[in-house]
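Per-chain residue numbering starts at 1, and chain names A, B, C, D, E, F, G and H are given in the order in which the chains are listed.
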Amino acid sequence: MSPVFYLISAMTVAGGLAAVLLKNTVHCALALTVAFAGLALLFLQLDAQFAGFAQILVYIGAVAILVVFAILLTRGSETPKDGVYSRNWPIGLVIAAAVFSVLGWAVLQSARVLPNETAVPKVTVLDIGNALVGRYVLPLEIVALLLTAATIGAVIVALHEKEGAK
Amino acid sequence: MASNSYFSLAVLFLAALGFGLAPLVLAWLWGKAFSPAKPNAIKNSIYECGLESRGDAWMQFRSAYYLYAIIFLIFDVEAVFLLPFAVAFTGLGAAACGAMLVFVLMLIEGLAWAWAKGVLTWA
Amino acid sequence: MLGEGILKGMAETARNFVGSYFSAERMTTVEYPEERIAPIEAARVFPFLVYDTENWEAGLRCVACQICEKECPPKCIFIEKSKDKKPDAIGKPQFYPTRFDIDISVCMSCQICVEVCPFEAIKMDNVFELATDDRFGGLLLDRKELAKSNEYYHGIHPTEAARVDARLAAEKVKADAKSTAAVVASAVKGAERPAPPAAGGV
Amino acid sequence: MIVWMDQFFVLLRNWLVGFLPVSLQGFAGVLLSVVTIVLLFPALFALAVWLERKGLGRMQNRLGPNRVGPFGLLQPIADGIKSLTKEDIVPLSADAPVHFLAPVVLVVAVFMGFAVLPMGRNMVLVDMDAGLLFYFAMGASTELAVFMAGWSSRNKYSLLGAMRAVAQMISYEVVLLLSSVAVVMISGSLSLTKIVEAQNHYTWGLPHWYIFTPWGLAGFIMYAIAATAETNRSPFDLPEGESELVAGYHTEYSGFKFALFFLGEYLAMFSISGLGSTLFLGGWSAPFSFLTWVPSWIWFFSKLMLSVFVFIWMRGTLPRLRQDQLMNFAWKFVLPFTLLNLMVTALWRFMGEGWERWVVCSAILVVVYVVMARVSLYKEHIRPRRYRYAD
Amino acid sequence: MTDTAFRREKMEEGWNRPPLIEEDGEAELLEVAMGPHHPSTHGVFRMDLALDGERVVRLKPVFGYLHRNHEKIAEGISYLASMPYTDRLDYICSLTNNWAYALAVEKLVGQQVPERAEYIRVILAEFTRIQNHASSIGFLIQEMGASGTPLMYAFREREKILDLFEELTGSRMMCNYMRFGGCRVDTSAAWLDAARKVVDGLPGFVDEFENLLSTNEILMARCQRVGILRPELAVNAGITGPMLRASGVNYDIRKVDHYGIYDRFKFRVPLGDHGDIYDRYMVRILEMRESITILNQALRDIPGGPIMDAKAKIRGFRPKPGEAYGRIEAPKGELGFYLISDGGPNPYRYRVRPPSLINLTVLEDMCLGSNVADVVLIFGSVDIVLGEVDR
Amino acid sequence: MAVDEGLKIELGKQGVFVTTIEELYNWGRRNSVWPMQFGLACCAIEMIATTMARYDLARFGAEVFRPSPRQADLMIISGTVTKKMAPQVVRLYNQMAEPRYVIAMGACAISGGPFKQGYNVLKGIDRYIPVDVHIPGCPPRPEALIQAFMTLQKKIDEQPLTGAGRPRHLDAEAQGEFPVPEQGAHDLEPTSNKGVWTVPVVIR
Amino acid sequence: MKTMEEIKAAIEAAAPGAGVEIVPNPSPSGQHSLRIAPSHAVAVATFLRDDAELALDFLSNVTGVDWLDKEVTEKVKVTSTVTKTVDDVEQDVEETVEETRKRVQPGCLEVVYHLFSSALKHGPVILRMKTMNRTDQVELPSLTPIWRSAEFQEREVFDLYGVVFKGHPDLRRLLMWDEFKDHPMRRDYVDPDDYEYEPTPHDAVLTRANAHKAAEEAKAREGTGAGL
Amino acid sequence: MTPLTGYLLVAALLFAIGLAGALTRRNAILVLIGIELMLNAANLNLIAFWRYGPHPEALTGMMFAIFSIAVAAAEAAVGLGLVISIHRHAHTTDLDNMNRMKG
């Protein structure tokens, strides 16, 4: 539990909070990238180098771009007249708080049984590569299928305009 | 070793941040000391070819941007899988490579579909 | 094929890049304040007034006939004609401009004043380094600033000046001949009547 | 080989650090390397700007800057002082915090990329196992900075420019990634140091650079195209295409913020050329075995400057593409070809040593290139024309 | 006021508040004004564009930013005094403007022009055409983003031609050379030799230009099938000059009117078949080549003799009442002068038929449905000069 | 240097410091004047010719023609300013970041030039914005523009950093906004900015 | 190409009642023109464009001309019957006396079209149309629907002369700004008074500058007076 | 507190924040942002458990996290695509308004 951990966690949580609290949607998206970056740093803290960088590449590099594009495509950066929060926001807040208390409680409860320091695992990209086409070949193919499906799905959903133009 | 490399990165990050911020701070100080900023309504309005700007710039864009972003996202994710595979590639057998080939081909199929659908035509 | 034309273009720029170190054809820069392009004789920038003798004021060829003022397209010449007459370079009494201003911030260097002037009094200069931060002080030239000697004129437009001088000389010869003729004639007349008081040529 | 020259910077650092207590040595060493990077590349930036202005001048039959300092070398410094003291305008309707952050984010993201570039033997800030991935992860963040700049200015030209820039960058980033994958497939590592090591062998005095293999050449060309687009250089400089978008996403930036964008662009150019030479041109390794005595960092930086010069050369020659052509080119030509190149790379490995693989791989690539080029030119109806005359 | 205080105050006034969302979220058209200060409008032209994405759905040119009241001024000054003003109409080609005006006045008073003067006029006009076409192509490619190189080459040649002009007429751009019934000063033998030398160098220059540009794929991709103008529309809209011929209409006033002595020279009129930007570009290139052949013939055949009609009057020039319309094939198209005389020293009505303005009639038709980036190219390919458009 | 000599001595070390900074500041400013990409009429062609190979304004480090006024230092008014264009010119000038300079290139920009009789021609841009250097000529030769540029550099060099003689942009009290004229029913309104243009008295 | 008379005949055959009138041009250019009645202009123009023999498909130039109200002095022959004694016989004789009369010939705005044929390569055929006066009846039919090239030129004539073209698709000011009220090319247009200072003053300009200065001063004095 | 607890707590907090965002915001895109946060929180858990788990060499948690990144990215693409398409039909991204329209 180093100060670095606290720093990064604070940054992550702050980013997350800002992402759901800020008024301007683009600001939310930018805050979201801060949260993503924090998460990536946490991954690095956990010696998951590859996952950390993959997180940056995919989330900051791609998902964040996707989000801001979506915002600009829907004129979402403008502040609507009647508030940014849903009408039944208290209910949502209560639910979230409840979930957090349950989770936190559970974590703290089990704190004693959770394992402490273990040896730093030596994981290289090579291992990941080998595992990918070895043990995890089936998930890999499934992911490919999923990604293709997602491409097609997302494109079909978002396409429309072009067909109209044709 | 790992923590050391992260440490270097952190130092580099701070140095780069400093490099970015220091001149801005310096410029600000210069402004304070010698050349006062003189804002006014014309200067600080949006530039639009010397005319008064009309309409808001934060407007709606076309969905073409989004379509490309989707495909980019998919390929980005693909690269995340492809890179470890490539590292291991020299030591792999044909079967493993075949598996990867299937993976890649599946994504290419998505690309080809998008191509055929005209998604890749920026108009 | 894709890339061919691009490579051809790149070769062309490369040729110029390399050539710029070797051939003057490909390094055309003339480093202005130090080097200058050889002055072109015909070059014209702003008009000036020619004077003949040592004294600029007395030697001005201009007789304030105001033709140039009238013909100047943007009307940038302003002349005030003298009330009296003064002898000009050849001693003929003439009107002279008491004021001759050219606003070179308006002048369009068109040379029309030169073309219409019957007295070869106004010519085009080739000085262009006139940048100034003083709009009126620097760019509104009065007759003193405008007056340049005939030698100066010869210096900048030798061919043209020679032609002008020849023409003026010829005219002078003609005028002299005329006046001698007139003198002779009047002398002839004078033989009959008492000579009139000497007055300027009409 | 003169080791001390080759390792000059490393030894210098170690020597300097040696004066400090042991507990601080690690820290000081890192600090020293970082400071070197942070100062060296901006200096290189100044040099490159000067080179660009001089080089363009020469291509255009003129001299270029030559009055400020000897040969105009101090020109960039004068520009720096000027930018520093220029008024900083933030449009009123702009989003001030984001407007302020964008150039900083850009510069930081670009600087981070240098961390993994080996600039000479043993001269790399961090030699990570996932170095290449790290590089791309950092490169991905620049897109965000560009978007921030364009969006926060709230100017139509800026936003349009930024959207174009982002669309362009994401398109070519895919190509950049995939053309590097081919290198990784052969070298078997994401660590850039290892990739250089893998190329640092010689046969008959010639190096084993990947550019000298069919797939490597093809990959390099695709990489170069993508790199040009990624750094918004001509002929892909349309996000700041002044002919229609004034100055693109930095239209509303003045003073040093603008200078930071400028700097960021050039730094990105350096880092991407550095990566390119690392991946395909053998990084810091010498081009001939008999030249290995020349310090490695000299090779690295000469390759870097050479590629920068090519960038300048292209800028001096080529007009720019249009957005749709650029996107189509990325997705319909470069990307498929890069994917094919991946397959060819795999084939290369499976065919084993021998001359056949040279023939087969080259043939595949050339034939496909020609066919694709023809087809795409044909489809775009691009062809030379003949003209008729009337008397 | 300090920056912060200023911003705070303005924010209280609501400057910074983003506009509220509108009820209908319809994808709206983006209205952009291009110009009057826009890097690629050759000065002070403005186009009000409505964009759907990047597609142009409406384009309204706005003129008058350089309306200098040429016609009004000319009605207040003598016939001769208007001559220097014609230099400033199409300020790239002052000599052809001179010629057109002189031609109209000569028609009005029935003046003859000596043969040598006619030859000099042809030589100067063809030089003017070459430098106009070269710089217009340079500007076009500049708009395509080619960082100035073609423009520099064009201006390199232009300087040579301008030197000739200056040597003869005294001024680089504003020649004010032709007079009613001839020319102002005679050419010397040295000048003719210098001119021959320049002409000898021109084919090499055109070749260089073509190498640099004509087969460049980027240029072809940007220019071919963009901004198409159909011949019927072109004729109906009064389009003239290279633009008309690029649409395939064989109409060259040099051939139609045989004004001056153009019937003595052998030259061809290049015609395009597609009417797109590339055809306009190529027609200009080919016209430059034709102009070189005319120049060669004229410089070979130029006779001796006077250069001014002896009967011509400089001062006290008062044409009899009547009117005349004289036109020539200026580099940009048909340049006509329409004069009405009431017998006074000033024209009663003085009208310029500006090719640039009328060629812009079809700008919207050519741009509709194309990309914004193409608009500047299409506009550039029309080849206008604002001094003539707005007069 | 225009800094008061007495003041300099008084300030002692600090004064030396100011001078060095001043010199550095003026040196940087002078050698990096980026003009705005802005052409109005015929003179613009000569301005372009000045940047071309033969004359090469780039030698002075001034080839960076910035299209956006935010990044430009110098506005070369190269050509006729019509009344229709004047508001735009003034607005663009206002949108430039300080320090900013103006060169009025050619007769038209200074006084309306040959076209000053025209109803739509502004009789000199200095009626609305302050002009640093005037170049007469129609059009001025490229060399004349270079000379004007060097005049401007000299002018910059002579500007003190502090004190009474300091240039406008260093003076918080000095005018920073130049009102944009309106296009009225018959003419621009106002026909000149009284703060910039005072009818000069010329003694003859 | 046909002569003017032939063209006139052809037009009259095609569009009866067009009221075509040949306006002779005394200058050596010999470019005579046809004046047509505005009411038939479109029909005539269409005929000229579509007729196979004329095929005037290319409208080159459109010009506005302002003819001011003019005081003409003309000699009129007045015939009156006077009783005279001729040969000692009183007779009513018709006698013609020349009288000088002055009258104001009302001015008008005229629009001139120069037509060429790009197919047959001949021309110019010049058409002219007149408005009724210079003030309120300034409408003319637009020929833009027939020749696109008239689009901007007619707008320009509208802008500078104030001729209103009926049927023009987009009749706005072309060169001056939209708020501008006058038509500056008219001969009686008065320039805006912006001569604040003239270093080389000239007759009219000088007087106006002085007047302007006086007015300014008066205004200033008034202003201070009001302020006090 | 063991390190793992710390990570788990952060993950829980992020999850709750994401949930709160998803439940309280009106803009559909922000709801998706909330969901992304939740997914990422889960990812953090996966990696933390892998790191402190009994068999870090087995890579299971890590691989799972990588796959999860991929899947979450795909989810984002489809989700945002849906929002865009809804926006096109309903001209709003406001969930409250959408409900009202439906109702």
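Descriptive notes on the structure:
Following the convention adopted for this analysis, a residue touches a chain if its C-beta (ideal position, glycine included) is under 8 Å from a C-beta of that chain, and two chains touch if they have at least 3 such contacts.
Because the structure is a prediction, the values reported are computed rather than measured.
Separation of subunit B from subunit G in touch steps, taking the shortest path, is 2.
Distance between Cα centroids is largest for the pairing of subunit D with G. A centroid comparison over C-alpha atoms places C as the chain most distant from subunit A.
If you average the CA atoms of subunit A and of subunit D, the two centres end up 29 Å from each other.
The geometric centre of subunit C is 42 Å away from that of subunit G, both derived from CA atoms. Here the spacing of subunit A and subunit G, counted between their Cα centres, is 76 Å.
Averaging Cα coordinates per chain places subunit C and subunit F 31 Å apart.
Within subunit F, the positions touching two or more other chains are listed as 25, 37, 52-54, 56, 59, 67-68, 70, 84, 88, 92, 95, 97-99, 114-115, 117, 119-120, 138, 141, 169, 200, 202. Residue positions 7, 10, 18-19, 25, 30, 32, 34, 36-39, 54, 64, 67, 69, 72, 84-85, 88, 149, 152-153, 156, 159, 174, 212, 214-220, 390 of subunit E are each in touch with at least two other chains. Contact of a single residue of subunit A with at least two other chains is seen at positions 24, 47, 49-50, 54, 57-58, 61-63, 65-66, 69-70, 72-75, 77-78, 80, 125-126, 128, 132, 143, 147, 150-151, 154-155, 158, 160-161.
Against subunit H, in their complex, subunit B makes its touches with residues 63, 66, 70, 73-74, 76-77, 80-81. Of all residues in subunit D, only 95, 98, 128-130, 133-134, 136-141, 143-144, 147-148, 151, 163, 166, 170, 173, 188-190 touch subunit A in the complex they form. Those residues of subunit E that touch subunit G in the complex are listed here as 63-64, 67, 69, 71-72, 75, 107-110, 233, 235-240, 249, 251, 256, 319-327, 334, 336, 338, 340-341, 348-349, 351, 353, 357-358, 360-362, 390.
Those residues of subunit F lying in contact with subunit D across their complex are 24-25, 27-34, 37, 52-54, 56, 58-61, 63-64, 66-68, 70-71, 73, 95, 97-99, 169. Interface residues of subunit A facing subunit H in the complex, by the touch rule stated above, are 1, 5, 9, 12-13, 16-17, 19-21, 25, 28-29, 32, 35-36, 39, 42-43, 46-48, 50-51, 54-55, 58-59, 62-63, 66-67, 69-71, 73-74, 76, 80, 83-87, 89, 91-93, 95-97, 99-100, 103-104, 107-108, 111, 114-119, 121-123, 127-128, 131-132, 136, 139, 143, 146-147, 149-151, 153-155, 157-158, 160-161.
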